[in-house]
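Got a structure here, written out as structure tokens. Questions coming.
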């Protein structure tokens, strides 16, 4: 399931819903991205997440579908917030549940790596020196590169 | 922080506590192990987790300390349950929070890999054919092997 | 043709969305971007470095040589930074 | 010397915990395990395959050649399966 929303999400409730009633699940891997109060040497007062409505949902759905094709997942979830967020707030949640832990871990990492380079979101950081659009990171592109070739599921 | 307990844990509350008040955290990686209703071709009615009180806490604390030495973590948590658990119940929670997502992911995976081969817990599965102690898996040993050499933190 | 601008492409051009009618010789993404520079100083500045710009045609990532048609929705934005 | 048995080592020996006084020539983990086989048929069966058994001395993993002393707490258990 994918969701793009301004509102915060209840992490515990989302994860409980995700695994409820499926006793084939042996492992749940989760990543939560949070707003940091610093970027390099600058203090961050807040950030605003802009996105491309329509394409965002399309890309997130495709990323999730790709993860489900690569790994035997019992459940998966992507929630991404948009709008203005302050330090400490949750930005994104990705989660993958599978019978085996390695599939859950790999799929979870794949979801966030792909999301970071393919889903049309942009961060505008507010610092003492004004607002600045965040530059894309080479390391995010590299993190996505490692998933180029379909990866074999490591048996657990 | 580490905890060994019979009682279930509130995943959302534990994770909220873990990151609360630390706005240097950019990423939180979490793994939750759940009781599956099958093991191979056998239906599992329940399982009982036995452990070695004293040594368990010592090993978990050491595993957590090792993760904090290898990665720049802002917070980490291991909770492992003992006693009788039914399918769908939570067995274990490991979590690692860091400024950067790759450190959080790697530390989280390290925590569960090491726990699975070093912490003195044993699972007794109840099936239609009676109760049986679970055999250790070679894949868990292999999963731990990959952490033998201290791993460089991948910059994010 | 419907154009959408995001992030600093929106700030620099000063528009979030506009309808344009490029001449018939504009048939590819690259030709469109170069043609768009002529719409004003904001557009010229925003589109100065084409390597810094990603393009989606009808909500699919597109390359410089991909076709654009009058009925398309074309979005211009910097590399994404979500997650 | 205090001995602890876990998982199927407890079921097979029939004891969770026992105090033993091995003879002075028992100075290593391996010597202790072999000596323990003589405590009865349950112990003999449980300790038949020493490769299947992990040992902790004073709550630290120990190898076959590591020393054991009368004041030690020695735990015998199969490879761990938690998590």
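Labels A, B, C and D are assigned to the chains in the order they are written; within every chain, residues are numbered from 1.
The rule is short, and it goes like this: a contact is a pair of C-beta atoms (placed from the backbone, for glycine too) under 8 Å apart; a residue touches a chain by one contact, two chains touch by 3 or more.
The shown structure was predicted, so the numbers you read here are calculated from the model rather than taken from an experiment.
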| item | value |
| --- | --- |
| Number of steps on the shortest touching-chain route linking chain B and chain D | 1 |
| Chain centre separation in whole Å, for chain C relative to chain A (CA means) | 27 |
| Interchain centroid distance [CA atoms averaged], chain A/chain D, Å | 48 |
| Averaged-CA centre spacing for the pair chain D and chain C, given as whole angstrom | 73 |
| Distance between the centres, which are taken as Cα means, of chain B and chain A, whole angstrom | 22 |
| Touching two or more other chains - residues of chain D | none |
| Two or more partner chains touched - positions in chain B | 33, 112, 137, 140 |
| Chains grouped in pairs wherever the two touch, ordered by label | A-B, A-C, B-D |
| In the complex with chain A, residue positions of chain C that touch it | 4, 6-8, 11, 56, 59, 61, 75, 77-83 |
| Contacting residues of chain B [partner chain A, same complex] | 10-13, 15-16, 19-38, 87-88, 99, 101-102, 104-105, 108-109, 112, 137, 139-140, 143, 154-156 |
| Complex contact set, residues of chain A against chain C | 33, 49-52, 54-55, 58, 80, 91-92, 112, 115-124, 133-137, 140 |
